[in-house]
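In structure tokens below, several structures.
Two complexes come next, and they have one chain in common, chain A, joined by chain B in the first and chain C in the second.
And then the complex of A and B:
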């Protein structure tokens, strides 16, 4: 998706020079070949540093929460759904935003890149179908579909649902055979098996809260884990406290998560906490026919009541 | 100084032997790579590793450490009185620790062992610990340890240094603690050529490090000049204020003390803390001097690269291991920030 870079620069320079926005939130090239860094361009000159590629793993909607002023923002399909959620939840106003939409062909899984490389990575290039990884003494062309982040494999909206300008032609949406195969695997486990599975999943969590802090939904002024009066959760490495954090966070995100994958991409320990949020997505889809953030008119799933809402799971 | 050598094929036996008198910590393969942790009996430190995500800091400063226990049950003797947790006096050794990670333990010591206060929790562990280092022949690209006053072959903070050489590990015994460990492991005395061989490997390894930081000019700037520098908001923009860098860092020493009770029985624990979090600096009044995200990012770099530098006059609070660079979810790079600080020219 490197080819979007020029267009993003062009649009950003234009809206910054015209005074349409005060700043543009995008990405700049990282210091590591497989990373891109969230970046705020305040001038047309600074906008020259903007890039876009398969290493742009953070969700920039996370950075607009409660901001004032006019902001240009680069969003993929999933991010755009988070923008919708943000607007519906009054975290930002639509007229504060100039939305630069990216028709997305998916992000590269960081670990998959590191594994595929035959040494340390100096650069990663992304033409939408092929990802070229280079380092000292090696150059490897990888088919993008083989190294996609797992959320990009089950993506239901690669094209932005809301935008002021698109940086390229819309891309075809994916045809997914079974979107929730991973969740179903967990659902079929016995409760003991599931307990062990979740324990193992979270065994390396250090409570750094990178998943929470990378998440655009986690904007509470004080997160429940940080409350001290009363203190709901212990702060140490007790496994019940660790689990409480992850489960409650998933519940708080129910009906709001777009599966952008920023949480897993941010986790330094490689924890797959999307098992939890994806269960809430599946339930919303199956029980309420609800997909998050598809348009500005739709109220959040847990913000509305219908007399015929399914209730067989309430015992 | 005694030279030692041990065949790789004899390594496991030597470690099992040494475990008769030492408890070991070391690198072992876990899911998702190597980790440095306390080992079970019969577990062998795996010296065939590149890096450990978490540093060996845990050996002297556990993530969560019980300091006291207490009971609120008035029927029990000593209720409402904090009971010290007895210290385990078994000699311990961190085997396979990287030389610059050992240097980091010395940096931690500056905080926990001062004239005014000697922290028993840290010092008990520290004094009881033998550091058996493994030099790094092929440092990663993010490694900039040589510019932080240490390096892949730094002997200054180790009791024994080992280096991989073909089918064996060669090394030097550097201290008395090291001698005891070498005897307990039954390391064979090596020939006199080992010293020059290690010197050769050291030169080769150091020459592979291309990455560096400079902080010579930071020292000359005033704290306020740097604090008020215009670049902090940009540096901190991407930062999501998670604790990844502080927890991965071998020199970040901040902690938080918590009482946790179940029924009438409780413990007082000490946990790693992170200055990236708002709860770290918020006052009981509700005022937070570092309320903005970027102010917390600024604080971490100012502490590591300026306050520490001024206070201890012994370089920066960083050993150049590169863990934070590799693990930061948004790719904030301490090398770039240090450069930016060092290059800054305050307007007069």
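And then the complex of A and C:
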């Protein structure tokens, strides 16, 4: 998706020099070849550093929470749904934003890139179909659909929901056979197997909270893990505490998570915590026919009700 | 296992289910004494944190009860609670907690009989499961 870079620069320079916005939130090339980092361009010159490629795994909506002033922001499809959630939850006003929408063809999984590389990666170029990984003494062409990030394989909205300007033609949406295959696979296990599966999944967790900090939904002034009176969850790597943390974080995101994958991309231990959040997405879809962040009129799933909601589990 | 008596934490809403518990009491309806009742203003007040906190402190089961849909003292508290509990219940089962550890019910303050019946059912089911295995904090708490 490197072909969007020029257009993003052009729009950013224009809106910055016209005074339409004070800053543009975008990405610039990271210190590692396979990572792009968040970047705030405050002047038209600085906007020259902006890039866009298949390494833009962070969700920039995380940075607009409660901000004042006018903001330009580069969003992918999933991020734009988070932006809708933010506007609905009064974390930012629509008229503060100039939204630069990117029709996204999916991000590259960083582990897949590292596996394919035969040394240190210098650059990753993406033309929509193939991803070219270059490094010292090697150059490799990979088919993009083989190295997609797992959330991009089940993406339901590649084109932004809201935008002021698109940087390219809209891309066709994916046709997904079974969107919740991974969750269903876990559901078929017995309850003891599931408990072991999740404890095994979380066994590497060091409680660094990278997933929480990368998540645009986690904006509580005091997170429940930091509360001390009462202390809901211990601070160490005790099995129960780790499980409680991931369980509650997923529950707080229920009906709000857009499956952008920023949590997994941020995890230094490679924990697949989307197994938790995807279950909440599945429940909201199946029980309430609810998709997060699709329009500005819709409150989050757990912040609304219908008189005839299913309640067969209640006596 | 036959002499196992479970500890069950029960969250009752002030306006309906707590009244039902009171009615069950004054009407002398019998149910086993394995419950510890906590009165909350509304079933919508019950947060997953509280339920997890009960489990981590050694509860073998948790039961949450509130007003019937449409009868909430706060108009819509239990409608929100219903959605919350639906997702919560699914999630608990998904991570491997046994199905019968967690119970929900709607009981109005006139339903003393239903209260005693549901209490018996909940206690019976949790007793059959035996002591809790998951979400218990085994290390001592150090603040």
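Heads up, the rule we're going with is that the second predicted complex is superposed on the first by the 312 of 315 C-alpha atoms of A that agree within 3 Å, B and C clash if a C-alpha of one lies under 4 Å from a C-alpha of the other, contacts with A are read in each partner's own complex, and residues count from 1 in each chain.
Everything that follows uses one rule, which is that a residue touches a chain if its C-beta (ideal position, glycine included) is under 8 Å from a C-beta of that chain, and two chains touch if they have at least 3 such contacts.
None of the values given here were measured: they were computed from a predicted structure.
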So, A:270: does it touch chain B (first), chain C (second), both, or neither?
first
Name the contact category of A:247: first (chain B only), second (chain C only), both, or neither.
second
Which partner chains sit in contact with A:228 here, chain B, chain C, both or neither? Use first/second/both/neither.
both
Kindly classify A:40 by the partners it touches after superposition: chain B alone (first), chain C alone (second), both, or neither?
first
Go through the superposed model and pick first if A:195 touches only chain B, second if only chain C, both, or neither.
second
After the superposition on A, what does A:219 contact: first (chain B), second (chain C), both or neither?
neither
Per-residue contact with chain A, leading partner among chain C and chain B
C
Hey, what residues of chain A end up touching chain B and chain C alike?
228, 234, 236, 238
Partner chain B, residues of chain A touching it in the complex
30-32, 35-40, 57-58, 62-63, 120, 204, 206-210, 212-214, 222, 226, 228, 234-238, 265-270
For a test of understanding, state which residues of chain A touch chain C in their complex under the given definition.
186-187, 191-198, 224, 228, 230-234, 236, 238, 240-241, 243-244, 247-248, 250-251, 254-255, 276, 279-280, 283-284, 287-288, 301-305, 307, 309-311, 313-315
Contact residues on chain C for chain A in the complex?
48-49, 52-53, 56, 69-70, 76, 79-80, 82-91, 93-99, 103-106, 118, 121, 134-139, 141, 143
Would you mind writing out the residues of chain B in touch with chain A in their complex?
30-32, 53-54, 63-64, 140-142, 234, 237-238, 240-244, 246-248, 256, 258, 260, 269, 271-272, 274, 277-279, 325-327, 329-333, 335-336
